[in-house]
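Below is one structure, written out as structure tokens; comments come after it.
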Amino acid sequence: MMTAPPAVSIKNLRIALPKGAERPFAVDGVSLDLRPGKIVCVVGESGSGKSMCAHALMGLLPDTVSVTSGEIQFEGRDLLKLDDDGWRDLRGRRLAMIFQEPMTALNPLMRIGDQMAEMFEAHGLLTPKERRAKALSLAREVGLPDPERIVRAYPHQLSGGQRQRAMIAMALALEPAVLVADEPTTALDVTTQAQILKLIRNLQRNRNMAVMFITHDFGVVADIADQVVVLRHGKVVEEGPAATVFNEPQHDYTKALLAAVPSMDPPARAPLDDQARAVEVIGLDKTYVTSGGWFREDRRVDAARAVNFNILKGETLGLVGESGSGKSSVARLVMRLIEADRGTVRIGETDLTSLSGKALRTERHRIQMIFQDPFASLNPRRKIGHIIADGPIAAGTDPKVAFDRARDLLKLVGLDTGALERYPHEFSGGQRQRIGIARALALEPEIIVADEAVSALDVSVQAQVLRLLEDLKARLGLSMLFITHDLRVAAQICDRIAVMQRGAIVELKPTAQLFAAPEHAYTRELLAAVPGRKERAPAA
Amino acid sequence: MLSFVAQRVLKGVIVLLAIVVLNFFLIRLAPGDPAVVMAGEAGASDPVFVKQLREKFGLDKPLPEQLLIYVKGVASFDLGFSFRQQAPVAKLIGERLPATLLLTLTAFAISLMLGILFGTFAARFAGTFLDTAITIFALIFYAMPIFWVALMGILLFSVTMDWLPSFGYETVGANLTGLAHAVDVAKHLIMPAMTLGLFFMATYTRMTRASMLEVKRLDFVKTARAKGLSDAVIQRRHVLRNALLPVVTLAGVHSGTLIGGAVITETVFAWPGIGRLMYDALLQRDYNLLLGVFVICSAMVLIFNLITDLVYRLVDPRIEFAS
Amino acid sequence: QEPKTGGVINAVIQPEPPGLMLAMIQNGPTQMVSGNIFEGLLRYSPKLEPLPELAESWTVSEDAKTYTFKLRKGVTWHDGKPFTAADVLFSMEMLKQTHARARTNLAQVDKVEAPDDTTVVFTLKQPFGPFLGIFEVGSMPIVPKHLYEGTDWKTNPYNNAPVGTGPFMFKEWQKGSFIRLVKNPNYYEKGKPYIDEIYWQIIPDAAARSVAYETGKVDVLPGGSVENFDVPRLSKLKDTCVTGAGWEFFSPLSWLWLNNRQGPLADKRVRQAVMYAIDRDFAKDVIWNGLGKVATGPSASTIKYYTDDVKKYPYDPAKAKALLKEAGYKGEKIRLLPLAYGETWQRWGEAVKQNLQDVGMNIETIATDVAGGNQKIGDWDYDIAFTYLYQYGDPALGVGRNYISSNIAKGQVFNNVEGYSNPEIDKLFADGAVATPDSKRKEIYEKAQKILVEDVPVAWMLELQFPTITRCKVKNLITTGIGVNDGFKDAWLDK
Amino acid sequence: MKQFWKSMLRSPSGVIGLIILVLAISIAVFGPMLFPNSPWRMVQRPFLPPFTLSTVPLGTDALGRDVFAGMIFGARVSLLVGLVSTLVALVVGVPIGAMAGYFGGKTDDALMRFTEFFQTIPSFALAIVLVAILQPSIYSIVASIAVVSWPPVARLVRGEVLSLRTREYVQAAIVTGQSNTWIILREILPNALSPVIVLASLMVATAILLESSLAFLGLGDPNLISWGYMVGAGRTVIRQAWWITVFPGVAILISVLGLNLIGEGLNDALNPRLSREGR
């Protein structure tokens, strides 16, 4: 099988970035082959040039970048020498692509079916009626429920997974020889992700397609890759069959990446039963109502249904569940960023839900939050020093004291004090998240709520931040509510884990117990969906 | 949908009521007494006579009472009586409204059509000479005072070339009917509508251009390209349609400015619309008439807004009829 | 030349009249259009001699207190009903309530009677010199009794479709576009009018009016309908005739109200300085295109008993400066109100401001529209204000009202708003109105003029003439002292 | 800030616009000092064509006043009206929009109805009425223009704030216990600024034109000369003396063009998608 001639052969590809970019070449001397019936996974940290390779292969590079050398051989031609018409002919018909963001990759104003039919229209195939019929059968093929209805729906009326299925249907419409999938599941929750991965795998096998699959998630790679290519700073650092790369990584970078993948085995933890309660959440209810109109009924979402839990001093409680299950809503309710319909949140002895205005403001320092996106959570126009010191200053601390403390905090999270005078965009993602942590600590809180605090980070950076959190928590005796959709992360950091589904907590148990003996069906489903469960990161 | 329209109408009525009440006082703040103006025109002034006039038109009553009478009238679709023109306000406005609607709607259509056309071109050839040329061309009409452009148009097309009539709504005394009449009105309409429309065209050109460039960058355009669709289809079906949405909303919001801009256009081209009526009413302190014009104009703007909103919502399936 | 019958005339009317019911609305454009629909008892020659109109003849009693008018027979209203003396009596009653100037004039009348259908007798309280001068159509239009008696005049439907006895009948008014009058086929003067139809075109913008004339869309530009600066160019167009005639009855005279009550202008010397400081010849030549005349005093030269044997105020900035110095003027701020009647007046305001500033006066222009300006002037809240007023042929009608102290009444415009009060002048005007014979009146009014010119209660500027521009084929348009207002009665088109 | 100037100077339209604006402003500021002749003084015979006399290089108007002096003094008023009324509109519109967007709910509803009130009355008509009521003067003109131009600002700011309010850094500020005023001023507004600045550059242009339209209807400040006034005043004599309108007209055109170019440049410079393309 390995001897089959490559469908696509990228040779020595070099793509130049415009002046002023962070490095001169997005991709520098990359060579790789895609063979029929094989999935090549391209992995690497964010910005390593994965998407650039994919786009070059589809001839969809942005105007500002250009290929300076190399070739892409496909069916005996060099794609880089193709003219517009040539490209148009190949795209869709012979080369197809699935994009990362299923929402934005579909035209919001066109019905799904029409967008599928366009595939045929673009190449002048079939009559309009046949196209519609074909769209319907495609929808069925990718397992979209109720296909008759869905082809008439607009993208926003579909769930993320459904949209991604529609994208896949489109990509497969003309049975292309090569499929390029650029992080097709990153935006999806684990259960949906697992379904989509299975779908791609099956379709690819059935049609003997060559697939280039881009991801940063080693779990995913472990699940589907035949061949793995590791990119770093635009260069291939390692390449080989999946098993080889996983089990005998050659390059240090690959090793580091693999080491950083958290394991599903929860480490042993000291019991905390004798500690006092830091947070008590009693019977929280929250329902969002969006008025419908257009002959539609109002949309009601129960984001929290009788949510009860408490966190002991020094404990980390994990809150997991698929996307949309209500995790963030609970976090915001606990933080009093939104108002609960019912229920009480108690911090120590204080009933937070009964406070408002100034009284609330003065109590806020006791519970702080670390936000998901390290960039989005820092005001791009304020210096780090201010970002950290603003809270204490608002609470009445003398500015000089507050800045001194900010300096100490930066040291504590491992940044040098020069950072005080810089702006957020001058830091890396991991550094930014550290700033976020420093800000949360500045108010000397008793409790920290971390809502997907590490999801936006690369595995390697993620590992660093998690270590830091553990360390700080132990040193400062904090309690933590740790929200994540990543069960691997949860396994590593939580004392107990609560599983949420449709606004309700369905299971709450010490971590080891939960992983060892999930009781609720949903928990089991969730655990099963974690990609790469079969393989073990060797360093774990 | 129905409840949405009902809600919007209700809110519109509230805004209109506010307009009535506030303007009622606002207009009366202006120095100048309508009775004195009228007496003055007779070339004499006589206290007894002025008093008679005030009584006749209820101007001697206390303001709150006058307001009450007015609001009651408006509630029963009676906009009051014009002291000055001695006719019901509704009738006076009714006579002028069709002309204004014709002018503003045509100008609206022209500005949108040309604006979108040029904007599309500019976006398509962004950064090239054509783009710059279009931008400058559009800006010239935007940067020139309407009254000046109008006069230039008259000099060029009426005086020098003698192609188009320079004033009015139709050829007076020609007594044309049917198609000939329509053609005649159209000929009269071209210049005013163009002058007014070209000014707004600039905004839409720029808006369309920016919006197109923005949409062009969105992922689904890449999807479309990945399908192998031709450029023309991508531009039309994927880029333009999405790019138009903000332009249409802006156009709705702009309608107030458009109707306001008609005051000058109507003046220069002697177009018998309500813009001019309003200005004259102001000069004469014809309170009821002025208020009436304001109410009607605002109602028009509200309706315009509602229509563009509805269109927007129909075209864009994402929007729910949230209030 | 023998008049020809037929043809359509397009004339400009500016601004659009608010209504055409002349008895109730008397602004300039209304008079101009409705002067052809309604008629008065008399009309006046350019020399201001009374001419017959609805009244065929008239006699005045010995004691000058009884005026008997013989009405024309066989006159009908446009709706076919006969016109009789009852209509005249009714009109007098109605006008007292609807026509400010008629009301003042009729105050002299003790009673009006109609011994028969064709005779009307006015009995005055005392002799009133200018009485025969108050019967022109704009001052005293005769309205149909049968359509107005017992109705609410304000909402009478005939306000919008007026019915008169005049040579033209109202046909159609498209608001904002045009007013259309058609020939009255039953007009009592046989053969008249000659013109079939008149379209009064409504074009609000001055430049557009010029273009309309230039492109042949209109044939008549009545006085004031184009900017003065454009007149020389238009008059050079071929087949174009320009005349300044037709304003004799009105004799518009422009002046600056000077607030005699307060501030620097309370000082006669400062007021005289204003007269010296302003270059009125410049205004005449540059702003008014050489039309009109520099005024010498309160009376226009076309008015009875005018005299130029008064103190002269030539343009003399040096003298003005000297007078100001003498009066001790220290640069106090003086507010100037221009007249919001368009470009010409705006320019004039600017020029006068500049003139006054040149002699060291500290002028601030206050802009208002007409209504706001009237209010300010009426409330005496100004220092200097532009105006122009009609003089109606006789000093007792159009001159005295602005200078006698009994006419000082706050809140009113067009009376003695400057606040000039001089018992001698009061007496002279009181005597002048009732004095007989003519030579006596002449003596009185000449004396009054001398005193006023010395005191400068207001600063007289120009006797205005508004040029009427027509195609030369429009003949006989202006034959009387009231010009275009009743001109179409005799006009004809030389095709 | 440095970044901003860099990207600003990289866009050619921005540079040209800046040059024009700087030129116009220096004429407005220094011109009258170098050229102290009053533009109202009648210095030569009326309708003197341009380029005939070196003392009145651009000819004279209907009263024999120097067109060149008018241009220089006019720059002051036109630019002042444009800039100040825009500033006032911003001062009114930004807080209203910010409050509506930030507090949402009833506050938003009330403030937006209020805004709508000003937006549905045809803006020019409202400006005319206001100027007429307040009597024409530079103050009332600026005020009226500001009154009709703030609603779009408020709407824009509201939209921006509405989306910024849910940003994580704003929430971070809330949970650290900062006050609403502080959050609006420090966290939200600075980030809503770029579209506002772009809009403002267009508003300056609109204000200059609005002033000229008011002057055309005779509602300008009679004591101050502006380009709009000159165009309006010369319009009726354009057949005899083109120069009276053409010079100030071109001046308006160039200024508005310049401001628009700046707006364009700002748009490019401040739009992260454009300026950060490739990072």
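Each chain gets a letter, A, B, C and D, in the order it is written, and its residues are counted from 1.
Definition applied: contacts are C-beta pairs under 8 Å (C-beta built on N, C-alpha and C of every residue); 3 or more make two chains touch, one makes a residue touch a chain.
Here the structure is a predicted model, which is why all the values come from computation and not from measurement.
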Pair of chains joined by more contacts [C-beta pairs], B-D or A-B: B-D
Farthest chain relative to chain C (centres taken as mean CA coordinates): A
Chain centre separation in whole Å, for chain C relative to chain A (CA means): 86
Centroid distance [mean C-alpha coordinates] between chain B and chain A, Å: 49
Separation of chain B from chain D, taking each centre as the mean of its C-alpha atoms, in whole Å: 22
Centroid distance [mean C-alpha coordinates] between chain D and chain A, Å: 45
Residues within chain A bordering two or more other chains: none
Multi-partner residues of chain B (at least 2 other chains): 30-31, 151, 155, 267, 282
Set of chain C residues in contact with two or more other chains: 207, 368-369, 372
Chain B partner contacts - residues on chain A that touch it in the complex: 58, 60, 84, 87-93, 96-97, 99, 101, 104-110, 118-119, 121-123, 154, 156-157, 167, 170, 290-296
Chain C-touching residues of chain D, taken from the complex the two chains share: 38, 40-42, 46, 62-64, 132, 135-137, 218-223, 233, 235-240
Of all residues in chain B, those that touch chain C in their complex: 30-34, 36-50, 52, 56, 81, 84-87, 92, 95-96, 99, 151, 154-155, 158-159, 162, 165-170, 172-173, 266-273, 276-277, 280, 282-285
Residue numbers on chain A that touch chain D, as the complex places them: 17-18, 20-22, 62, 64-65, 335, 337, 361-362, 364-365, 367-369, 371-373, 376-382, 387, 390-391, 394-395, 436, 439, 442-443
Chain C residues within the chain D interface of the complex: 206-207, 210, 227, 229-230, 233, 282, 286-287, 338, 340, 342-343, 346-347, 349-351, 353-354, 357, 364-369, 372
